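Chain naming follows the written order as A, B and C, and within any one chain the residues start at number 1.
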Amino acid sequence: MRIAVLAHLQDVGEAPVREAMGLMAQLGGEAQTLLLAPAAQPAVAAMGEVRLGVHAALADPDPEMAYAAALRLLGDQAPGLLLMPEGPLFEMIGARLAGHFGMSAVRDVDAVELAGEAVVLRKGAYGGKAYVRVRATGGVVAALRAGAFPAAEPPAGSAAEVQLGELPEGGQERKTVRDTAGDDLGRAKVIVSGGRGLGSAEGYESLRPFARMLGASLGASRAAVDEGWASPAQQVGITGRKVAPELYLAIGISGASQHLSGMSGSRLVIAVNRDEHAPIFEAADIGVVADWYQLWPHLQKALEG
Amino acid sequence: MRIICFLKAILDPEAPPGAIRFAGKVESGEVATVLGPFEGNALELSVQIAQASAGGFVAVAMGDAAQDIALRKALALGAERAVRVDAPAGFQDPLAVARRLKAAAEEAGGADVYVFGRQAGDWDMGVTAGLFAGLMDLPFAPLVQHAEVVGANLRLRREIAGGYEESLRVAPLVVSVTNGPLTLMRLPKVKDVMLANRKPIDVLQAAAEPSLEIAEIAQAQVTRQGRMITGDAAQQAAGLAAELRRFLVAGGGN
Amino acid sequence: MGIPHRVVYWNVPGHAWMYLPFAILVLVFVYGVWRRWRVWALGRRVQLRPWRPRLRRLLSHAGLQTRVVRRPLQGYAHLALAVAFGLLFIGTCVVALKADFGLPVMQGAFYLWFESATLDAAGLAGIVALAVFLIRRYGLRPWALGREPADFLVPFTLLIILITGFVLQSLRIYATHDPWGAYSFVGYGLSRLYADMHLGIPAALIIHRSLWWFHLLLAFSFLGAIPYSKLFHLFMAPVAILLSDPAGATRLETPDLEHAERLGVNMLSDLTVKDLVDLDACTECGRCEEVCPATASGKPLSPKKVILDLREHAHLRPQEPLTATIKDETLFACTTCRACMEACPVDIEHVPKIVGMRRFRVMEEGELPAGLAEAVQGIEERGHPFRGAQASRTTWLEGLPLKEWQPGESCETLLWVGCAGAFDPRAQKVARALAQLLLAMGEDVKVLGRRESCTGDPARRAGQEYLYQMQAEANVKTLTEVAPRRIVTMCPHCLHQLGDEYRAFGADFEVVHHSEYLQQALVTGRLRAAAGGRRITYHDPCYLGRYEGVFAAPREVLRTAGGELVEMAHHGPDSFCCGAGGGWAFREEGPPRVNRLRAKEAVATGAELVATGCPFCLSMLTDGVKAEGGGEVQDIAEILWAQLAPEVVSESGRE
């Protein structure tokens, strides 16, 4: 079976790409790595033998551009198994490429094996309450969960650049705003997340000094995002945004299953909630039944002292 | 603008642990079927675009009669028509789903905007919108937070890593909608609910061969054996601070 | 000397001119009443039958002012003033009978003892009462009393009228050397001073004549102002009392939604005549405001202000929607605890108006506060309002020998646990304790399990009447099929629905709160409990006490099984809400939270244990009492189960 990895180095970083390449090598067969990049950067050189599509606009790609670029990189013939790291590129074009080529698509994959012409993929379901193995027989695009596969040293070789030509413009009057001060939850080592229990936007803001003390990134539950306290990009607990920090602090988050699933890869989980029966405590290593507003002044003193 | 809004009702994602059993198959017990977690946002965006453009929307769902709760909600919020693509409950190959939804979209006469929720929350696939766009060969704008009608175009605000993108996009196109304060589903008016409960739901037959099937379903273990820090606020804070220090000293953190 | 009497209109030649201002007064008065009549006429008619309980209520609340005197100082002052004015009014009528109709009524012993002595006593009582009012309002300055110009003018004018009345009387006695003057003891006393002051008779005559006209015109102005001021309560309070629901308006109206032109209340014409009369019956006494948990916790709701704002709306912009006047943050702040209605001396019904307006906002406009919207959605989708519940309907009874009712079976005692008992981890313990008590009584007790669904009470209180009615119809259908001999419930909200409000849906079940059922069992000896030695205070849940009138049973249980009972500052019918009602159980409440205010009272009693009989109160108080540094909070079922006599327990096995 022909297998390919398709990734954009900038949006997920090197490690997930190496993990995908590792999986591809382990599965065997005809393998190919396809990378998109705004320029032939040193990071690309470290990936060994790859087909590289370069276009300056890929620094911050519009979905239409990324789609056109990927189609040109892939050519007319899609592989039987296309591996992509979970991330913005997959979100934009992964399933759409699958539809275009008449392949199916599966996300949040954490195990893959070949069974003859079929591919068996394991993924989480029902907000992490279950996992399923699905058997794909007609070609499949799989989005791989970060950290689920061992990273591999790329094979020796160098990048072969593919001419992408002119890319379609996509959206007009396009502007992008990064509003989370560079917080990248996917790569964060410590995350402080707040939820509805904080009660207000000001309440959520009170997590900022705490996060600063710990050098943590700020996350949020869906409730905090829906209330408008936090940016949607900070939401933990959606497919494709699973976080796996060393330490995850859940403040005022009751713990809907989607959220628990999104943070389940964290090494140490500490939860603070007023309600001792909140499900979050089932998913935490350390629990504190307390009102954050009563706890925080003491905690601040204790941490500063 | 003409809009088709695709909806899915799923087994209650808030059902308590163990209420839905996963052992070879999904045993739902007494768990209710509810609107998926992003379907309300999709519905709200459809209503907003339809109102702002003096257009209308059709709601399409796929599955058995349990899907009607999603379609009735859409009718109560002003959908002109509700179509259910008949299919048994349970897992379906997303590609086959997209193909059958495409047939439903064609039957409904097509649209300027095809609206999906970000992911359904049962199989946590989040790929149907993209697959549909690929099959229809239409532009795809994922993770939309807000849409503003500008003539025949839409100014979309989309979630991107660490922020958002705003741009003017030309119809026809496919969008998937994420949650946010701008697309919280409005409550339907009770008069409209009463009317919606009397409206028909069209059932459509459309076939597609699956290329993906379930090989195994099993329960996942998510609980941790936690321990509690007790005492009054000062004692709890001291205990928590000690844990945090231990973690930071051990070299955790950024 | 002859027959004791006095000359009317003494020293006032041309007194017939007084009929001119009198005619003006009548016109002004009639116009004022007509202005208000226009508003009442907009209202929907109310059913007045049966009459008897209404008349009883009228006699008690208006005639004897039994509610007014609950606050003794201002209450008895008010009663005194009312009686005084009644007497003075009769006295004036007697004068009219003599002067205008020539009837010989103002003479003899009647003149001496009624027309002179009694009326002087009444006038004096009136002055004392008005002094109490003025001193209270401007000296003690209670926060719930307004201090607008009208609040001063009304009692002050009245005071001047009474005082000038006495001065006139005294001048007449002084100048005429009235032989029966001493019977008018106040006037007589004053007249004695004039001699000491060497007041000349001519001067007295001039003063008397001018003062007479002043007194008359002032009195007429005062009477003319009645339909334009809160004085109108003189007439409208009895009407409001007569129109009020003798059962206390605890049952909300069940509208026919299918055929309603508008769902809920948004125009004056959506209100009832009673609602509109209420607006004119309000005396602005502020008692509702004093007891309102929303006001006490700083929320933008005062029951008094709602009534006054509606009154202003009705007169300034009667054709405009009420949403222009009453805002959502006010409407949805109400916990529906009924404390305001219990406190109101004139039986104004605040809660039905507030829920009526909520109905419009929710059903016609799709507006519902966050949290509450999700709870209501939960009822619609899952049959219970507890978002994220970690249990199923039957999780709580695992391991208990408790049977779920199956179709075709009979049912002696049905334990209706309610959503809280099934889904709230704290209340589950209460459900278990209660189930075990019932089993220990040897009851043939069953539960509905997954056939039980929310009664719809939170939806109804939130204004989502449509969803409520669907829940009610479904539950009545289920219960009719089960046909239990009796239903025991641990939730006062379920009690109120199943036993009361469901009657509008054809239900007629025997429903008892567990406190009553357990108390009966203790009395009949079916349960025996060891006496407890703890100091306990009991919190009356609003829906058990003020709504259902159950105050004694839980206290009896506690005296038997708990120990020494101490009462909080607010208890019984005056209990203070825990903060959960009206949908607040499902909303995030910013400080100061109502439950903290209530918990403060509980902790102040020094009780080791706070008891209650409602799962929502239990949850609110548990949080509040913990934060206030108090002891344990338990349901009476838990307390009784822990104290159950060993020989009973050994038969059933304690957990």
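What we mean here is this: contacts are C-beta pairs under 8 Å (C-beta built on N, C-alpha and C of every residue); 3 or more make two chains touch, one makes a residue touch a chain.
Computed from a predicted model, the values in this text were never measured in an experiment.
Undergrad: Taking chains as nodes and touches as edges, what kind of graph is this: line, ring, star, complete or other?
TA: Topology of touching chains reads as complete, every chain touching all others.
Undergrad: Please give the pair of chains with the highest number of C-beta contact pairs.
TA: A-B
Undergrad: How many Å are there between the centre of subunit A and the centre of subunit C, using C-alpha atoms for each centre?
TA: The separation of the two C-alpha centroids amounts to 58 Å.
Undergrad: Could you give the separation in Å between the centres of subunit B and subunit C, each centre being the mean of its C-alpha atoms?
TA: 48
Undergrad: Go ahead and note the Å separation of the Cα centroids belonging to subunit A and subunit B.
TA: Computed from C-alpha means, the inter-chain centre distance equals 19 Å.
Undergrad: Using the touch definition from the top, which residues of subunit C touch two or more other chains?
TA: Touching at least two other chains: 388, 390.
Undergrad: Of all residues in subunit A, which are in touch with two or more distinct other chains?
TA: In subunit A, the residues touching two or more other chains are 227, 256, 279, 291.
Undergrad: Return the residues of subunit B touching two or more other chains; collapse runs of consecutive numbers into ranges.
TA: 14, 17
Undergrad: Using the touch definition up top, name the residues of subunit A that touch subunit C in the complex.
TA: 196, 199-200, 227, 254-256, 274, 277, 279, 291
Undergrad: Going by the contact rule set out above, which residues of subunit C touch subunit A in the complex?
TA: Contact set of subunit C toward subunit A: 370, 388, 390, 425-426, 588, 590, 623, 627.
Undergrad: Applying the document's contact rule, which stretches of subunit A touch subunit B when the two form their complex?
TA: Per the touch definition, subunit A meets subunit B at residues 11, 62-64, 67, 87-88, 91-108, 120, 123-140, 170-180, 182-184, 188-190, 214-217, 222, 225-228, 231-233, 235, 238-240, 246-247, 256-258, 260-261, 264, 268-272, 279, 281-291, 294-296, 298-299, 301-303.
Undergrad: Residue numbers of subunit C touching subunit B in their complex, please.
TA: Within the complex, subunit C touches subunit B at residues 257-258, 263, 362-368, 373, 381-383, 387-393, 395, 450, 464-466.
Undergrad: Going by the contact rule at the top, pick out the subunit B residues touching subunit A in the complex.
TA: Against subunit A, the touching part of subunit B is residues 11, 13-14, 17, 20, 22, 26, 37, 91, 93-95, 98, 118-119, 121-137, 139-143, 145, 155-156, 159-169, 178-181, 184, 211-220, 222-230, 233-234, 236-241, 243-245, 247-248, 252-254.
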